[in-house]
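Take a look at the structures below.
Consider the two complexes below, in which chain A is the common component and chain B and chain C are the respective partners.
Our next item is the complex of A and B:
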């Protein structure tokens, strides 16, 4: 297709916290600064900036990307926000990728920020406008409904036990205990803790859900000839994919995310991957809820439909397993500042594939990883495959 | 990464910091009022509800019947201009027992939300609504249900003209 090779050469992230005193601009700057310092670059080296941030409603700021622009280092540069809801964090590096792959720019800074804590009394209410204003909102829905409905359909269709779904939350929160930026890491959490946590919207319980968080993540992306000057350990973007399903979510098969499969097939084809279960060594599926990680592993073709929980039962998903799932700790453990959480997965693959993940390091010198996010009205899948 | 994070450790706050006035903050309410036009297809849908009928739309090419109706078939992008009355019965595709309100206040009796596949629409095609007149513990996927309508004189052409769906007693 005549596209240039693109590498990730630097990454930085703030701690994910329930509420940060720092503003979104300040969080963006901290993450961007850390990413630039990690590869000994300055803003002068950056030709364009991509910003990923989710609904304006969280912050109560119209045109949030423009508001965040000074923190993101965007002034006097080509700058654009991309937004596909929860899928944004894995879409914004795709935006950075095509900026460079196309030949338009050689070095791009990608920043993803979310500050969910400003919304009162709870950020959940900012999501209410995702429901159709005429046919759904008069029913006074709350956001949890949509996930509870999907989770119930998934577990009932395939007969997946809630105790097995809870294993996802346990593994991810335990993994997060080793992440210096994590909000909800817990090395001692058990399946019983998850099953005994407060019921919010059955089958969704408190510990099935990732926390509302503030945070920012940034990465530096570069064309091959620039990457070679910056580092001898570039991590390449090998494949990207994204796909959108119908917005009429009650007319869709809720047990299987076919939009994730479409996005994954696009990325696998670009990366030349024929047998994903053998060729993907680390996977960071989007896990705002524990069942979503399973749903997405199946959509990514890394497990048979209804069988993803077996990866956790058999230890395949463990950090030292055959295909570690969310060694970062994921959204369930590290936290879920929407767009930043997705880009956190990209940063995690960057550190893992360079052997820089510290206590979280996956053994065996993994060479290829996949990150995926999901969003809009439960209908968009975004996928990035990285390798060294 | 660990070296970097020590340089910018961040400043976590708690609700207590606000309650005890330890930090400065600005509180404001944003209010937006809207009047949404129904559009063509949903306008027909709402007019149908006022008459006590759930309308779907049918694509002649794909032979799909969708609900709520729309003017374009998502699959073939042809116009979908045939409105068909569906039954007001269906089966529970999925449901949830919700113990919190939209602003995360606790409630004792769960609200039962559901996706209901409407009889006469294509398989897996449903609408979101509430279930009522049922013991929450008895609700199950695949349960047959029927719409409970407002009295005709109280209907206003809204999704709330259906109060809820209740278990269907098959004769």
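Our next item is the complex of A and C:
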């Protein structure tokens, strides 16, 4: 017996904002309701709920998903929270996929929520607690320093210029200007603006970084025979992949994300993709930092090592280019409520592949897209390939 | 798709009150090593995906899933964490194998409760931060409220709850992995200090440290790997009301729903007749009684009577928590359900030593995630592949 086919049939998302007035439960429900309404369904049609949300420290709620459960529509339903740090947003649709592909369920609601503003005064401080309690935490590492290390390593290894990396931030923030839910869309931003922004930890500057945000995204997933009843334009999950590298990140080659490559190879194999550069039409790589998008495009085998910036220089990555990158605006432009940001990329592919992306629509009726997220200690890659 | 899935290997370490000689990583490593050796697999080439269960606040580390791959032999493999009980993790691993994408999946859960200096405060942080936390509700106080309502609505007595403690801690005396074995009388239990009326201190499970690892495999692979596969006949899980204000305080409808899902898969219409023994949550003694009623073994109000009559004792018609349960083995945080499932596997394999039940074929495992959740899971295991069709 072959594998069960799984489709995305509906999607919804809240605005991504700096500080939401709503509780996490309310954000979850807003997104869930929009996703249900987008495919004319109600909670009665939903057999199980999958929740994706990053560290409990943000909300300061232990077993956060239990608290969020009724907001996510899980009352009296099978409900499970999966978790791979920053990679969670693209993992939770994989969780939805295995719920349905297993044959246990036909219709699953997938919700990703993050409310980072509860952490006072700034959510960055929560990241102090992700490091090894014996070897690293006494050094009080700030996450921005760690990414400065990695960005520096990437630039040094391949000789990538800072100005070329800044093009990523410019393109994504400009793309986000067309996204109604975006926090930092800016149609006029230039490379100079990025290079002149405040230095946080060299070479990381303020506009190289995505903003701390609150928000939620939800999608509805369905098995083949049910999807056909719900919509005539299902978007199929063609391949999924994930990979977790060693926790000893200090011993790793920071210039290349091999964990992303492992995840991508798994997804390409499942989707039957032999030449990803020709067969993937839209890419939503994870871009919490501008260099990260380049890093991930290389890990996804969509660019040679150290050459991803060329995609931006040549216009390949533009919305009307040969392989548009982050037409949504990505995390840099739309915002980065961790888990919700990853699922936002899945929602974007859903809308793009159905031709419903409005002002953000990629021309040429694309048929296949890839979304990827990354997380933990420069450690995990999660990849989903979707097609129509 | 892989229709049938079996547990083919188990390994565990513990369970002990404190483990100053082992870090959580060492606990995980030892349990994993034993599980892999139990079935003869090499995690690096034979195990295709890994699932762990953990909660950040129990570990004292945010994004705790960072720290799991190395000691499991899972580096650069598809690994993910479920923020749930061990039985939720078992459900996830079960689904992964059923997709057909993986044939062998490993599952891990552990407890290092002895390292947590402020466990009551940590647990209290699970309450609604807006509506409940300002009331400074103690976790046991919420359990006391629920127990009170349960006793009131079902007519169950405190003595019947005490009988659960007497049974489970006596059972633990036959389990070398259980640190809380004791020969008590109901009088001993009831004369202990109160915790939150009507809940007494001795009706609440103490914590323990340890780790459990299981290896799951598809049918084709299981046949190749072992001659004593334990088949997963059904898995169910369910959440009830998250808010304290709008839940059913006497019953456990979430467990009832979870059981219904598992029974449907396993073809069980009459659990009382078709299930040979059960391992269910007994974080608090009354929870075992409430669970037996939700699982359909008896009507509300009857579980206490059956317990007093010895029906749930090891030599009764429906042995419950022969392992000693959490009262006898210690509560293992997120691994609690896995410890229950471990006992079911050992019993069904005939490897339970002095507490071995005779002629058992089908075992039920139930879990609850503790106050303030209404989150439960049920797994049906069997040493026979036979499954009644659900028509």
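Definition applied: the second predicted complex is superposed on the first by the 387 of 388 C-alpha atoms of A that agree within 3 Å, B and C clash if a C-alpha of one lies under 4 Å from a C-alpha of the other, contacts with A are read in each partner's own complex, and residues count from 1 in each chain.
The criterion applied here is as follows: a residue touches a chain if its C-beta (ideal position, glycine included) is under 8 Å from a C-beta of that chain, and two chains touch if they have at least 3 such contacts.
Just so you know, these numbers come straight off a predicted model, no measurement behind them.
**Q** One more residue to check, A:76. First (chain B), second (chain C), both or neither?
**A** In the superposition, A:76 touches chain C alone.
**Q** Return first, second, both or neither, reflecting whether A:278 touches chain B, chain C, both chains, or no partner chain.
**A** A:278 contacts neither chain B nor chain C.
**Q** Determine, under the contact definition given at the top, whether A:266 touches first (chain B), second (chain C), both, or neither.
**A** second
**Q** Examine A:60 and indicate which partner it touches, taking first as chain B and second as chain C; both and neither are also allowed.
**A** So A:60 meets both chain B and chain C here.
**Q** Could you say whether A:104 touches chain B, chain C, both of them, or neither, answering first, second, both or neither?
**A** The second partner, chain C, only.
**Q** By the touch definition at the top of the document, which applies to A:133: first (chain B), second (chain C), both, or neither?
**A** It touches chain B and chain C both.
**Q** So in the superposed three-chain picture, is A:225 touching just chain B, just chain C, both, or none of them (first/second/both/neither)?
**A** Neither partner.
**Q** In the superposed arrangement, does A:246 touch chain B (first), chain C (second), both or neither?
**A** Both partners.
**Q** If I apply the document's touch criterion, which positions on chain A are contacted by chain B in one structure and by chain C in the other?
**A** 60, 133, 246, 248
**Q** Which chain C residues qualify as touching chain A in the complex?
**A** For chain C paired with chain A, touching residues are 1, 3, 55-57, 60-63, 65-70, 74-84, 88, 91-92, 94-96, 98-101, 122-123, 125-126, 128-130, 235-243, 253-254, 257-258, 261, 265, 369, 372-373, 375.
**Q** Any idea which chain A residues touch chain B in the complex?
**A** It comes out as residues 11-15, 17-22, 27, 30, 33-34, 37-38, 60, 120-122, 124-125, 128, 131, 133-136, 138-145, 148-150, 152-153, 156, 180-181, 198-204, 246, 248, 250-254, 347, 351, 356, 358.
**Q** Touching chain A in the complex: which residues of chain B?
**A** Within the complex, chain B touches chain A at residues 1-2, 4-5, 7-14, 23, 27-28, 30, 34, 36, 38, 42, 45-46, 66-68, 70, 74, 93-104, 110, 113-115, 124-130, 141, 158-160.
**Q** Taking the complex as given, what residues does chain A use to touch chain C?
**A** Touch list, chain A to chain C: 1-4, 23, 25, 54-57, 59-71, 74-86, 91, 95, 97-99, 101-104, 118, 126-127, 129-130, 132-133, 241-248, 258-259, 262-263, 266, 270, 375-377, 379-380.
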